[in-house]
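By written order: A, B and C. Residues from 1 in each chain.
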Amino acid sequence: MVLAWTLPAFFYLALLSVKPERIMVERSALIFWPTFERYRDIVVSDLGLPIWNSLLTSTAGALFTLALASLAAVTFTFLDFRGKALLFLLMLLPRMFPPVTTLIPIQLAMKTLGLIDTRAALIILFTGFQIPLAIWIMRTYLDEIPRELAESAAIDGASIPAIVARIVLPLAGPGLLAAFILAFIFNWNEFLFPLIVTSFHAKTGSVAIMNFAGGYKKLQWGSLAVLGVVMTMPVILFVLAFRAALIRGFTAGALKG
Amino acid sequence: MTWATLGRGRLAFALLMLPAVIYVLTWRLAPALYTVWLSLTQYNIVYDAAPQLNHLENYRRIVHDSTLGEALRLSVIFAVLATAVELAIGLAAAAFFDSDPPGRNLLLGIFLLPMIMAPVVVGTVWSALFDRTVGPIPYLFELLHGPDVQWLGTPVTAMVGLIFSDAWEWAPLAALLLFSAMQAIPREQHDAARSDGASSWQLFFRVVLPQITGMLVVAGGLRLMDAFLELDKVIVMTGGGPGTSTQLVSMYVYKQAFQAYDLGYASTVITTLLALLAVAYAFYLRHYGRTLMSART
Amino acid sequence: MSFATHGRRPLLLGAVAVVVLVVVSAGPLQVSRAAGMTTLTFLGPKFDEWEAFIKVANALGKDLGIEVKPEYLPWEDVFKKALIDSKSGVKAWDLVYAYNTWVPGIAASKVFTPISDFLSKPANKSLVKPEDFIKETTAGLEFQGKLWAFPALAAPYVLGYRADLLANADERKAFKAKYNSQFFTRKKGDTVGGKAAEEDFYGICLAGKPGGFLFHRYEMVLVAFGADLIYNQTSMQPTVNSNESIAAAKYYAQLHKYQQPGSETHSGGGTQRVFAADRCALTMDALDNILSVAEVPSLSKVVGKVGYTLLPSQVASRPHAHVADANGPGIYALSQHENEAFRLLARVLSTEGTKELMKEYPALVPMRASVINDPQIKKDYPKMVEAMNAVITGKPWTVFVPPLKEWVQAQEMVENALSAALAGQKTPEGAMIEAQAKVVELFKRAGYIK
């Protein structure tokens, strides 16, 4: 029942992606000799660099996110201070902002920093995007760490940074993994900002693949389907490989609001 | 008891937090504040060299903007219906996963795929499925001699199509949240109820459901707010049409910003919306906090 | 303590990974280039014709010491990208694709340096003969007396009709007897062209997707009925509720029942697929759009069966109605190599270069008289020449997008009204009266009228 809800759409997408152009509009034709021409077009179209860019920037962005967010999460979990809720709200609020109006200041900032069309620009942006989400996930994990463990270390004379580095973070390992996977996937899917801040060298896979959608004149269902399959493939592999961690991560991360 | 009560290290903790806070403030909040400033200006990026303050003209305009009013109404309808469908499907799926079927994690992993896909791809998939020339849904109706429905071509069915695709994408999230809440219920309660002779239905309604209402509210609140700002699927599937019958509020903002290039007014709409949403958000966070509390005790 | 050894290793690994990634990602970005070559960049959509353009440009550019590197983006993102880059002073581009509806915006935001600025330089006079451009096609790329993009591909709007069916008098008579209608619509199983139709067959196929497709087709009907495009350009009065406009809206709504259901979500390309699948008698679209699908054997079942003609007009003084779209590359105002860029365009879009382009992309509709009149071209591309001669000799009443800052908003108001009328939510008349009120409000806010 669950599979009947999710999978038919995927199968149809895959079917369209190999359906020959000439019989595309014949809906009754479900069995045909598949064409892999469109996949070949994508393979030969220099997607190597964009995909490498995507991998690199999504990974680096996710790692930086983790570094910054896990430290902040420690504070948000264990330190009580006035205005904590407000600060947290302030951290989360930008997530609700539709990106359309922030494109120009960001592009100007990148221009000023000389980072237009560099991977560094993407990494900077990606890091910022996922910090609130990662903090939220990490908090949920950190809440479960037995405090006695840390407190006994403190009594033994370990400094706070040492406790964080040696006890808290290692125990939050699964949380880190979940946050990493989610941050990576969201970075991978990001389209609008890579479109604006990159052009040749740092173009991402999401932008490069979208070109195949054509535009006003060629709404080609086949190419669109190929695009869908290619963009979704890494996600499917990721999900299936790390499903246990991801399921935990999402139940925590989804509460980010 | 928290570490801070140990009496030392507040400063160290504060320093740990600082990089992330500064980072988010610079790269996320500052551009957001720029939006607020733009909302006070006349700025068409094609025709105006620079933003010009225009004495709250945009805010005066927003009050009389009947198209925006209509978009808000549609967004509310969309958000409420989509959330309701997602909760219903999510609840059923969560109950299924909670019964520990064989291969649960794999099934759940597959079930989750739609919400992790790029939203543009979800939109593409569903516009293909509903399309009359290549899509199987109209074809299925035709084979079964059902009515010839123009799914994305008539106002009501276009909205239904959007809601359905949103449910496909996000019911898994509801399922996941509800599932995690169900898993937190001690198994002994199931066993106790069963030994009292309760049927599966009774078990669900009397034991499980009362204990996950908090999570239902959380999941519902979360989806309501995200669905309220839905954009990607609208762009791909209907473009806001036919007429303005699926022009949700984000689509309206998008059109102002990227088709009319009226960045000033688009910023005004965003700022106003977010002010409204922030209020809702504060309520939600408060409730969420309470849910967490009650879950912990 | 045991945690000390456990804790450090993953952390260390993580730190190493971060450092490695930073080093890799900050790696060298310089492109290698052959000695003495100038590399120009091109920003445009990934359409067959622009891929052909890049190919020919690189072949012909060799003598000039120029190579071209394309960056393809989805069509609707091209202008957005160029605009935002130009606003923030990014100098990444040399050549940027332009579509005629973007031209007023390009001129206002100064994203391009006008082509006419280059044409008027004495050194360039010998490179291009402007009088060779077919003026029926290029006017859309002109604005405020300047030419903003180099004419490359014309997209005149024409009627494509199934000559094999519509020329057949018996067919028409039998149809009229059965359906009491001029329009050629058949149900699945009815005879069409002497055999039973495998699928429903429609009178007309028009792209109806909101966001421009619908308005663009409606625009042609407005022209045919002698209506203004939304407003009177002299008095600045909106005329969406004029008699001509309402007549056009009624006519368009009435066409709707001869269209394929679902056309409300079709783009131009999607519509041509249906036409090419032998399911429509008639279509109204940009000529190159029709040619690039209906006349391509691998895509089409109707190759050679299509006739092309101009739109009829309801206004006696204007024999034909015509909306002229055009495409061409422009020169990015912040380009570092604008003279090379111009020289390359002059070479690739010359008479000979255009012929090379047509070898790569046969559906190209050229904008040069010398190409249309070339005997070899006449022989190789008879359908295109037939249609273009109709455009040139038909003396059509040609209309372009008006230079109005609020054009996109105004267009959207009318498009939404029409779409609501087609969906049956409103009467065409009621919808247009409502749209008029909205446009009036828009014009008042802009200060055009009181």
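Basically, contacts are C-beta pairs under 8 Å (C-beta built on N, C-alpha and C of every residue); 3 or more make two chains touch, one makes a residue touch a chain.
Keep in mind it's a predicted model, so treat the numbers as computed, not measured.
Engineer: With chains as vertices and touches as edges, which is it: line, ring, star, complete or other?
Structural biologist: If you draw each chain as a dot and join those that touch, every dot ends up joined to every other.
Engineer: With contacts counted as defined, which of the two, A-C or A-B, has more C-beta pairs across the interface?
Structural biologist: A-B
Engineer: Just the number, please: Cα centre separation of subunit A and subunit C in whole Å.
Structural biologist: 35
Engineer: Would you kindly tell me how far, in whole Å, the mean C-alpha position of subunit B lies from that of subunit A?
Structural biologist: About 17 Å, centre to centre.
Engineer: Of all the residues in subunit A, which ones touch at least 2 other chains?
Structural biologist: Counting only residues that touch two or more other chains, subunit A contributes 24-25, 104, 210, 213.
Engineer: Please set out, as single numbers or ranges, the residues of subunit C touching at least two other chains.
Structural biologist: 84, 87, 266, 270, 273-274, 277
Engineer: Could you list which residues of subunit B touch at least two other chains?
Structural biologist: In subunit B, the residues touching two or more other chains are 45, 131, 133, 258.
Engineer: Touching subunit B in the complex: which residues of subunit A?
Structural biologist: 1-3, 5-7, 9-10, 12-13, 16, 24-25, 27-28, 68-69, 71-72, 74-76, 78-81, 85, 87, 89-98, 100-102, 104-106, 124-125, 127-129, 131-132, 135, 147, 150-151, 154, 159-161, 164, 185, 188-189, 191, 206, 210, 213, 221, 224-225, 227-228, 231-232, 235-236, 238-240, 243-244, 246-247, 250-251, 254-255, 257
Engineer: Which positions of subunit C touch subunit A when the two form their complex?
Structural biologist: 1, 3-4, 6-8, 10-11, 14, 17-18, 21-22, 24-26, 29, 31, 41, 43, 45-47, 69, 71-77, 81, 84-85, 87-90, 92-93, 212-213, 266-270, 273-274, 277, 279, 286, 289, 292, 298-301
Engineer: What residues of subunit B sit close enough to touch subunit A in their complex?
Structural biologist: Subunit B residues touching subunit A: 1-4, 6, 8-10, 12-14, 16-17, 19-21, 23-32, 34-35, 38, 45, 89, 93, 96, 105-114, 116-121, 124-126, 128-129, 131, 133-136, 139, 168, 171-173, 176-177, 179-180, 218-219, 221-222, 225, 229, 231, 250, 253-254, 257-258, 263, 266-267, 270, 274, 277-278, 281-282, 284-285, 288-289.
Engineer: Spell out the part of subunit C that touches subunit B in their complex, as residue ranges.
Structural biologist: It comes out as residues 80, 83-84, 87, 105, 108-109, 208-211, 214, 260-266, 270, 273-274, 277, 405-406, 408-409, 412, 416-417, 419-420, 422-426, 438, 445.
Engineer: Can you check the complex and tell me which residues of subunit A touch subunit C?
Structural biologist: Against subunit C, subunit A makes touches at 21-22, 24-26, 56-57, 59-60, 63-64, 66-67, 103-104, 107-108, 110-111, 116-120, 123, 153, 156, 165-167, 169-170, 173, 195-196, 199-203, 207, 210-220.
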